[in-house]
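The first chain written gets the first letter, and so on, giving A, B and C; residue counts start at 1 in each chain.
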Amino acid sequence: MESRRGHELHLAGITQRFGDYVAVRDIDLKIGAGELVALLGPSGCGKSTLLRIISGFMPQTEGKVFFDGEAVDHLPPNKRGVGIVFQNYALFPHMTIRQNIAYGLEVQRVPAARLKTRVDEMLDLVHMGEFAERYPRQLSGGQQQRIALARCLAVDPKILLLDEPFGALDKNLRLDMQIEVKRLQREYGITTVLVTHDQEEALSMADRVAVMSRGRIEQIASPTDIYDRPETLFVNQFVGSTNVLPGIAGEMAGAGQQVTLACGERIALAEGSRLATGAQVQVSIRPEHLTLQTAPLDNAITGVIKAVMPLGPQVLYDIAVGDGTDIKVSVPRKRGDEFLLSGTRIFAAPVPPAGYRAFPV
Amino acid sequence: MNSRNAFSRRDFLMAGSALGLGALLPGLARAAGEELVAATFPGTWNEAHRNILKPAFMKGIDASVVQSIILGTDQISRLEAAKGGTPPFDVAIFDSPQVLDAVKQGLIMEYPVAKSPHYGELLPAFQDKWGPKISMQVIGIAYNPERVKTPPTRWEDLWDPRYKGRVGLTALNSQLGIAFLAELNRIKGGTDADFGPAFKALRELLPSVGAIAANLGAYATLWQQEQVDIAPYNFNFVQTLKGKGVPVEFVVPETGPVGWQTSMHVVAGSRVPELATRYIDTHLDAAVQAAMMKPPYDVIPTNGKVALQGAMTQTIARTQADLEKIRGLDWAALNPQRSALIDRFNREIRA
Amino acid sequence: MSTASTTRLTLPLTALFAVCFVAPLCVLVALSLAAGPDGGVATIGHYAAFVGDRFNASILFDTLWLGVKATLVCLLFGFPVAWICARAHVRWQSVLIFLVVLPILTSVVVRTFSWIVILGRHGLLNQIVLGLGLADEPLRLLYSEAGVIIVLAQVQMPLMVLPILTVLSRIDSNLFDASQALGAGQWRTLWRVAVPLSMPGIIAGCILTYAASITAFVTQTLIGGARLIYMPLFIYQQAVGANNWPFAAAISVIFMVAVLVVVAVLNGFGRRFEKHV
C-alpha cells in the first residue's frame, strides 16, 4: 500500500510576519523526491516556523507551498499528508504502543484485519514488536522515538518532518538513532525535512543542508560544500569552528587575491576570490585546515604557541599572532609524535586544497 | 535623633498589642455605653425599625443597638440553642404562633409593664403580659389590576378558570401559608381537627396554580416578575410592592379580614432587660407608630391614640374598633399540627 | 523531617478539623437518634420513618438525579469553555479565565435572582422566544425542573471549568498537533485525545459540581419553588418549619451518606484514568 516514490516539496516566496517581526523572509526552496534536507540554524532563525507552515499548522503571510507541483495552502494539517516526529515524541500517553501506531490508520478507516497487519509491520520495521502492549511511559527515550517514527510512517505520509528529533537523546543513542532514521528514510524513499540546531546531525544525515539565519536561508548546499565552501561568514562560523582575522583586500597575485591582515602578515586567498581592492574583509580559515612548522612556509602566518591542548585524536594549539589576536590550529595526532612546546615560534599555513577564504565586512 | 520624638520599638509593640486587645475584646472597648441586640424581620419591618424605631430609641441615651434580621422560627431555634447561656439577642419579635412556643419553652420573660409608660395606651386587645402587640398582619387577596380586570371579592375567585396557571401560593413554613389554609378550611366547613375540606379545595386549585413559592422572599419575586396574577397575600407586603411600582392591589374577601398579631418580647436571660424594655416601649409610642403607619411601611398601629390613615382604612379597618374585630386563628390548636400539615401539603402539591 | 515533628505540624489542622467538622457531625448523628425534641432514649425510628416512606425516598432520589442532570449539562457546556480557554491565544486566555471566574465573585443569591429575571414569564428569554414567534404562550421556565437545571449548570460552571482547564493546560499541545498530523480532525482530536487526557479534571469538576448542585438550597428553592421538593428544602422545612430537629438530623445524615456514595463512585472512576496519564 505504501508508494515508495517520494514527493516533491516546493516552497515559493514564503514570508511569515508576526506584527512587525518577520520570522521568515522570502524563502524559496525546492526539495526533490526522496531527498532529505536539513534546516539548520540557531533558535529563532525561522526553521520551526517554516516547519509549521509546511505542515499547515500556521498559515503563511505570503507565498505558496506546493506538493508535487500542487498548491496545498488551502488544506488543513489533517488533510496534507504530512508526518511529524516531535522532539518530545508526542506519543499519546493514554494509549498502548499498538493503539498509538493504529491511530492514524483508524482515522483512514482501514479495515481491522489490514490495520493489524500494518501495525505489526511497522512494529517490526522499528524492531519494537515485543513492546506492542506497553504504554509510552514504560519505554526509554530511544524506544519512544522509534514508535513516534513508526506511527508517522504507518499512514504513509507524503512528506516527513522531523522537528529536533534527537535533541532529547543522549549522545551515543543519538548516533544510533540517526543511522536508524536515515536507513528508514532511504528504505521508504520519503521526502524529509529535518529541523535541527545541531550541525553534526545536519551534516551527517542530510543530502542537502539549508543554513538559516534571521528568517533567511544563508546557503543551501551539500554537507561538504557547506563545510568546505561556506558562502557567508555566518555559515562558516556556525558550521564547524573557524579562525577569523580582519584585513584589507589587495591586488590579484597569480591565482589568488592578496590580503594584508591586521596582524601585519600578507597572505594569498584561495582561488576564485574577487574582492574590491582596499575593501575591509574578514579572512577565515578552519583550525584543521592549517598545518604547523617551525621552518618557514609559503603563505603562512607566523606566531608563538601559547598553549597546547591534546584532545584525543587531535592536538589543538593556541597561537598568538602579531596584533595580540589568537588563532587555533588543530593537528591530527599520530602515534609517536612529539608535541610542539609553548613559546615555540611557528609558521601556520593552509593545507591544499584548503585555503584562506575572505568575506566582505 | 531627637530623643523626645523617638518612637522606641517597645512603645510600638505596646501600642500594637493594645490595638490588638481592643479588637479581641470589643466588650471592654465599648464599656462606656451598653449594647442592645434586637431581632427584626426581613423586608418592610427591617426598614421601619432602622429608619424610625432606632433613631427614636437612641434619643437621649448612651447606648447602641444592633438590629439583626432573623425569621421568627429561626429566633426560636437560636434561643433554644443558647438556653442557659447568654442569649444571642435581647429583644425578640414574634408572630402569634411563636409566642406560644416561646412561652412554653421559657424563652421570654414577662413584660415589665410598670417600666413601660406607653403600654397603657394600647388597645386592650393588644395588651399581653408576655409582651405587647406592636402591629397586626392581615391577609386577603392580592391581584394584578392590569391583568385581573374585575377585582376579586371572595376567596373562591382563586378557583375561577380565567386565572388558570396564574394563581400563586406559598409553602406552609410561613404564617401566610398556614393562615390561608386554616381560613380556607373554615370556609369549606372543616374544623381544627379535620383539615380534609381545605386539602380537597387545594387539590382542586392546583391545576390553576402557576407557582408555589418556597418562602416569602421568593413570593415577592413572583409578583415583581409578574409570574402570578392572583394570590393570597399580607396587606403590608402588598403595600411594600406597590411602593416599588409593582402592579398589585389588595382586597379583603367578603368573608372578612383574617390575621394575627406581631409582638415584641424581652428575652429571658438578657443582660440588658431595662434597655430591651425601653426599646419595646419606644415601639408603642404613638408618634413612632404614626410614622410607621405612613407609606411605604403601612404598619397597622396598636396604640389607641393613633387615628387610622391611608390604605388600611379602605380595605381592612376604618377605625380602631374594626381592628379589634379582625378574626384571629386558634394557634394553640394549629401549632401542634404544623408538622403534619407541612408534610401533607408537600405530598399534595409535589410536582 | 522526623515523623514526630510532622505529626506536630499537622496538629493544628487536625484540631481545626475535629472542632469544625467531626464535632458538629457527632452532634448531628446524636440528634438524629433522639426520640423527641428534648432527647430521651436513643432510637433509629427517624431513619426507619424516612426509609419506610416512599414519598421521602422519592425526594432523595429526585435530588440525586437532579445533581446528575445538572452536572451533565454543566459538563456539556463547561468542557468546550475550558477547551477554548486552554487553546486561546495567551492574550485572550487571561480575559476568558477572568470571565469564567467572574460568577464566583458575586453571591449565588444575586446570580440566582438575575436568572429569575431572565427565565420569568416576562423575562428576557421569553421575550426573545415570543418576539421570534417560536411560541404563542410564554414558556414555563421558572418553577420548573428544566429551569433549576439550567441555572444550576450556569451558577456552578466555574467549579467545572477550572479543574478541567487546569488539566487541559498541562497537556502537551504537541499531542493535539500530532493527532491532526495523523489525519484526525478537531472533533476526533477532542474526543480521542483531549477528553481522555483531561479525565482527572473532568471527574474533579463533576464531583464539585455535583456536590454543589444537590445542596444548592437557594437556587433550588428560588428557581424551583415549593412544588419541586429537594433534600435541602425538605431538611429546612423539617427543622425550621416543623421544628422536628431529630427527623431533620436523620434525613441530613441519610442525604450525606447518599452523596458520599455517589462521590466515592465518581472518585473510583477517576482513579482508573489517572493510572494511564
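To be clear about the criterion, a contact is a pair of C-beta atoms (placed from the backbone, for glycine too) under 8 Å apart; a residue touches a chain by one contact, two chains touch by 3 or more.
Since the model is a prediction, treat every value here as computed from it, not as a measurement.
J.: Thinking of each chain as a vertex joined to the chains it touches, would you call that graph a line, ring, star, complete, or other?
T.: Line.
J.: By C-alpha centroid distance to the whole-protein centroid, which chain wins?
T.: Minimum centroid-to-centroid distance belongs to C.
J.: Which chain has its C-alpha centroid farthest away from the centroid of chain A?
T.: B
J.: Specify the chain pair with the maximum number of C-beta contact pairs.
T.: Ranked by contacting C-beta pairs, first place goes to B-C.
J.: Centre to centre, by mean C-alpha position, how many angstrom separate chain B and chain C?
T.: Comparing mean C-alpha positions, chain C is 34 Å from chain B.
J.: What whole-Å value do you get for the distance between chain A and chain C if each is reduced to the mean of its CA atoms?
T.: Once rounded, the distance between the two centres reads 56 Å.
J.: What whole-number Å value describes the gap between the mean CA coordinates of chain A and chain B?
T.: So the centroids are 85 Å from each other.
J.: Provide the residue numbers of chain A that touch chain C in the complex, in ascending order.
T.: 55, 57, 76-79, 81-84, 86, 88, 90-94, 103-104, 107-108, 135, 151-152, 155
J.: Spell out the residues on chain C that touch chain A in their complex, using ranges where they run on.
T.: Of all residues in chain C, those touching chain A are 172, 174-175, 177-185, 188, 192-193, 196-197, 273, 276-277.
J.: Spell out the part of chain C that touches chain B in their complex, as residue ranges.
T.: 55, 113, 116-117, 120-123, 142-143, 145, 221-222, 224-229, 233-234, 236-245
J.: Which bits of chain B are touching chain C when the two form their complex?
T.: Residues of chain B touching chain C: 71, 73-74, 76-77, 101, 169-173, 210-215, 217-218, 221, 225-227, 338-339, 342-343, 346-347, 349-351.
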